[in-house]
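The structure appears below as structure tokens.
Which chain is which? They are A, B, C and D, in the order written, and residues in each are numbered from 1.
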Amino acid sequence: MIFFGKARSANKVQHLISLCRALLSERGEVSGGRLASEVIAAYQSLGAQAVQDFFDRLVTEFSPDPGAVQAAAKAYLEKPSEGHLAQLQAAADPPRQELFRRWNMAPGGIGVLIQMRRTLLGTLKAHPERVHLDSDLLHLFRSWFNRGFLILRRIDWGTPAVILERLIEYEAVHQIQGWRDLRRRLEADRRCYAFFHPALPDEPLIFIEAALTRGMTSDVKPLIDPQSPVADPGAADTAMFYSITNCQEGLRGVSFGNSLIKQVVEDLGREFRRLRTFATLSPIPGFRVWLVATDPQWDSLDPASASQAKRRELTALCARYLLQAKREKEPLDAVERFHLANGASLERVNWMADPSPAGVKRSFGFMTNYVYRLDDVEKNHEAYAREYRVVASRGIERLAAR
Amino acid sequence: MIFFGKARSANKVQHLISLCRALLSERGEVSGGRLASEVIAAYQSLGAQAVQDFFDRLVTEFSPDPGAVQAAAKAYLEKPSEGHLAQLQAAADPPRQELFRRWNMAPGGIGVLIQMRRTLLGTLKAHPERVHLDSDLLHLFRSWFNRGFLILRRIDWGTPAVILERLIEYEAVHQIQGWRDLRRRLEADRRCYAFFHPALPDEPLIFIEAALTRGMTSDVKPLIDPQSPVADPGAADTAMFYSITNCQEGLRGVSFGNSLIKQVVEDLGREFRRLRTFATLSPIPGFRVWLVATDPQWDSLDPASASQAKRRELTALCARYLLQAKREKEPLDAVERFHLANGASLERVNWMADPSPAGVKRSFGFMTNYVYRLDDVEKNHEAYAREYRVVASRGIERLAAR
Amino acid sequence: MIFFGKARSANKVQHLISLCRALLSERGEVSGGRLASEVIAAYQSLGAQAVQDFFDRLVTEFSPDPGAVQAAAKAYLEKPSEGHLAQLQAAADPPRQELFRRWNMAPGGIGVLIQMRRTLLGTLKAHPERVHLDSDLLHLFRSWFNRGFLILRRIDWGTPAVILERLIEYEAVHQIQGWRDLRRRLEADRRCYAFFHPALPDEPLIFIEAALTRGMTSDVKPLIDPQSPVADPGAADTAMFYSITNCQEGLRGVSFGNSLIKQVVEDLGREFRRLRTFATLSPIPGFRVWLVATDPQWDSLDPASASQAKRRELTALCARYLLQAKREKEPLDAVERFHLANGASLERVNWMADPSPAGVKRSFGFMTNYVYRLDDVEKNHEAYAREYRVVASRGIERLAAR
Amino acid sequence: MIFFGKARSANKVQHLISLCRALLSERGEVSGGRLASEVIAAYQSLGAQAVQDFFDRLVTEFSPDPGAVQAAAKAYLEKPSEGHLAQLQAAADPPRQELFRRWNMAPGGIGVLIQMRRTLLGTLKAHPERVHLDSDLLHLFRSWFNRGFLILRRIDWGTPAVILERLIEYEAVHQIQGWRDLRRRLEADRRCYAFFHPALPDEPLIFIEAALTRGMTSDVKPLIDPQSPVADPGAADTAMFYSITNCQEGLRGVSFGNSLIKQVVEDLGREFRRLRTFATLSPIPGFRVWLVATDPQWDSLDPASASQAKRRELTALCARYLLQAKREKEPLDAVERFHLANGASLERVNWMADPSPAGVKRSFGFMTNYVYRLDDVEKNHEAYAREYRVVASRGIERLAAR
């Protein structure tokens, strides 16, 4: 019985491989749409093990032919002409790239490819040989999800439920507790924007949540409290970005966040002429691990009952972590790297900004404000890109210097 | 003065090249949108000669680095590992591909790239070294204008004028004589469909015009006569495709026609359940040239005054041309190759179907009907793909056998 | 303090009345939009008591002037010319109708009028003199919410949340238990349609819920169970309408239900060609009251534990109620009147179709199937309109005859 | 033969009348949609004479019943109660109003009613008894085409051709010479807006054309010249309204112009913050007639060759015409009445602003600028509404005083 199952599964993989070959052949050009649909249906009918087998065969059978690459490499070395270069490129080009392009001829093809890569990513550790298969998919996605093709849409209570449901599902930074919570996050004093791709109209790729406030917020609670009163957006002078979420694990490595923030800052600035400050209230994911590794006694600290002195000490250490803890030349903190590379500056460290158990566990409840000043974004970015300079406020620098 | 102009022009090209380098650098990731806009503006400000210079520099400065390719080729030949293969691919990958991807980060980037390739195509004869630059653009366009991203839209009198205007401009097979003529072609007994790309919402990529008729038409006049009475589409049993036009010269080599015909045949079949026949009334662009080359005396024939005997003889020769005149193994006639490769069959040869001077000059006024039978399309296509078999009706075979 | 409050409230009413007069004056024609906005804002700022005062003044001050009506009536009686008739009509026409028409010049005016009538309806018992004020609003609404202006929209999971939220709020027949329940009611084997007015794009006026099933359902549970498996809609032969809800209390008396059912039956018939039966599963709101009034001993019956004999007896009584219990010449049951007047026929009586406490309390758990047969709808309707004939199946007639 | 034709025509009218009665009956409530469609089809099949007969029967058979009105009038005079008033209103209400409301239950009903009134208007002179039938239609249209239901849409080159075609057809002030001329009027330095009703999405009700200019234009030529260069709209300080056209003759008496101008002034002011002046360049339709009536010798004047003195004299007379020529208390000039009632002021008189033969024939080539100053509109309007005050610039007053 089990044996039979394996045999059927092997048959299914074999069938799928044959369809893939047909799709890649010349016949694929005319019957592309139909063949691609069959390929996709065949792939989707595979069990978990069969998917693994299919990945293996994509690696072994749809990679460049080593013999052909060697021949082309030799020819090029003998005579490095344009013609030989073209032959070398063609020989080195993995057939599966073209294969995946043709999958996309079927309706929904692109969604299936994203799901497939998501599955693939989970197997890379155990199967390092699949890293090139992964690169091929990533290469395609970078080309297809190019900024020029993306559509920025505002998300509000008039957005289709099918999309809102995804937001509830995907939000990773501050979980959305059902429809009521979501509704609060879409009220008049909030803004939510997402990037979409035209071929995936119901699938947000990334979304950002902002609150329109008076002054820069140092405490996450009012931002995510479903019961908080709705403020007058016309009176706001600050846009607080309190959450940014990548939705498609299968698109890991295609970066959207930077474009999204820049676009939203521009749009909000146009809509609300009184907005002066665009700031985040961001987690500090690496602080606790770093601190405890430095000095294990901190592990037992409960910030809720910490003394004033401890609090001051810890705040200085947090500033030091942000300014001085490095991974090679870059800051150790991943969120910090993201915002600095986008051109933000480090503005403020906030004690007990996220007093939830998760917040305490992550960083003793600390959160940071990064600020996007339109006039400085480019300059900051370049300083960071050139020399990994961390642009920070005087306050933080003083704290770290204590 | 001229010298000064050249200097300014050289400066402009140099400035554009610098912008391109910046866009390709890491800085480009953050400031991509703005830089890409500058690149595009700089490109669009170039004069004709400067564009030529820019093409040259794209060839010389944004091609793969021969030294790097050679080193990677050597490393691969010594040890053909996956890692070395990846290095070789990276070295052989032309930087300008990534450059063009980043152009697209600016609004309108893709349209400018299409225009640029259009210009480039016109220079290839004189500059064969630019063929690889052209391949890089084509490669990108094939990936971006993948069927999965295209949108089929019906064109009718409710379509925005900005799109209709393009149809008037682009129609190549049977010129549209202004808005009145166009309106007739969009009446109830006609259908027009076009493919669009979401990033170019006002630019048709290809469009097809069909007339809903009773019986297969053998004469193009009633189809393109703006004064012809509007028939009842519900009574039609045949859809006559009388024109199919590729709109974007800059997308030459990205094939849309086959997908378009198949999709339209399916959609029409669903909308009008009484439709039995899907046929074209197509020109025979190569007939006259071929015939006159075979026997120069035909050149002086005026079909309007030809005798019955001449007419019979010419018809047989036309059938023979379609069935027997070859370019290697394929039919000599380009339109024939297109429809046969799509799975159509050769149905009928029509005497004086296009009596216009252009029609007579092209093919003594002959036109062909190709027929798309849904059940046979795949079979025909494969017969053609495998062995270039020309599937033709008995009538045509008999004519050719005379 | 209270006195002061009253004074302010009286001022507010007085101010609103002045604005209404200005809006009705010639000045209102030019500054209509702005004045109407002020009127609406003033109305919305009124407290509960002030609204009552405002209603009183609409009755006393914006009704036809009795003196003018009398004069016109006399003139007409003296000489019943067309001119005198026109004068009489003008004099008898209540100024508040024109006033309300002008309220609508402001954005959102129509929504406020609907809310106002909703409030008014709740006061009619205590204020019978306001019945003419109510008639004026109803007259306007009948003209404005004419079928020709309504838009039928399918409601599904791609519908904006702002509309779906209203469905959850409004559904009266079988309460929707939150978003999860709603989502089930919008799956592939369900259909939901609503009428909208273009000036109120987010406000459903009426909606109907249907399940696509095999065979006519006699039990409401599977239809409203959020956990029920999703069936294949392509295999369905029956559309079960299990809920129809009027959303706008303020539009009471404007009937939408009949148009909605007819349109949905047509649309579903076109989409699913295998659908044969269009039926409801409807409550019998008046059965228990009628039965207990006839024979009080029934009041203590628990249908869940009833004997076979009791069950049979009760079923026969239910059939008799539907066929024989009358209010003058019409059936006593309101739901029955609605469906028969629409042209449906009475098909089946279902024991314990709604075993919920509410269902048992209403009608001992009985529900009826009414059937809409496209060919009979008009005939049935006319039979009902002419002579209140109740078209019923043989089965029900036999039951009632026992 | 003719007799037979008449008989058939009479039959058709009789059949239509029967359908109208059925539609008005209770049966009409359920089968309204279908019956209304039949009514409309029957109406549309009538020949010209039959339409006249139908109008007659609408007058005689669908007017209020004089007996019923008399009875109700008597009852009211005896006891002027609310109940008797309601009866009187009901008796005086013409049944054809409800009939027309029900026509609208069919798709396209409203369009047919508008066409019908258009036909009717042409017969009123010969048939004064139909004036009340006309009033009933106008009353309905005023209610249905209430500002709150209208949609303002910008018209540009992205507008569907079906709508643009109507603009070409309808433009009355400065004829549009085909698609090329239209395209010029929709370029970047122009704006065109129209009101639509949701039930007639392809039918503009009224449209206005504006040019964005530097300074107030005194010459119509550059505004309507298809060859004029396109200016930079960002540099404009003035919006010149050079044409406003009512499209639907059948809606005569429903005024849209005032709302349209006010809305467009607001929208343009928001879009272009540098706009200071909103002005018209308007014809003076009554000037020549008035002047020649005053002094017949002017009739022979050719302004193209007029002396400086004549020109000065004529200009002063034109100012006098605008300020002093009256029809009762209002200005004699219809265009002047329209703009003053809207709150504009009379700014300038322009010699040879429209040198076309039509312009010379109408007003010796003179045109006026009316100016809409947002701050003064209401004040001006009230001054006009109260006392027909003509608000004019000093310059014009001085001219008139000469």
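As a convention for this text, contacts are C-beta pairs under 8 Å (C-beta built on N, C-alpha and C of every residue); 3 or more make two chains touch, one makes a residue touch a chain.
Quick caveat, the model's predicted, so the values are computed rather than measured.
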Self-check item: Of all other chains, the one whose Cα centre sits farthest from chain B
Solution: C
Self-check item: Length of the line joining the C-alpha centres of chain C and chain D, rounded to whole Å
Solution: 38
Practice problem: Averaging only over C-alpha atoms, locate the centres of chain B and chain D and give their separation in whole Å. | Solution: 49
Exercise. Just give me the whole-number Å value for how far the CA centre of chain B lies from that of chain C.
Key: 57
Quiz prompt | Pairs of chains, among all present, that meet the touch criterion | solution = A-B, A-C, B-D, C-D
Exercise. State the interface residues of chain A toward chain B in the complex, per the touch definition above.
Key: 26-27, 29-34, 63-64, 66, 69-70, 73-74, 76-77, 80, 82, 85-86, 88-89, 92-93, 101, 104-107, 109-110, 129, 131-132, 135, 140, 142-144, 146-149, 151, 198-199, 255, 258-259, 262, 341-343, 378, 381-382, 385
Quiz prompt | Complex contact set, residues of chain D against chain B | solution = 157-162, 164-165, 178-179, 183, 202
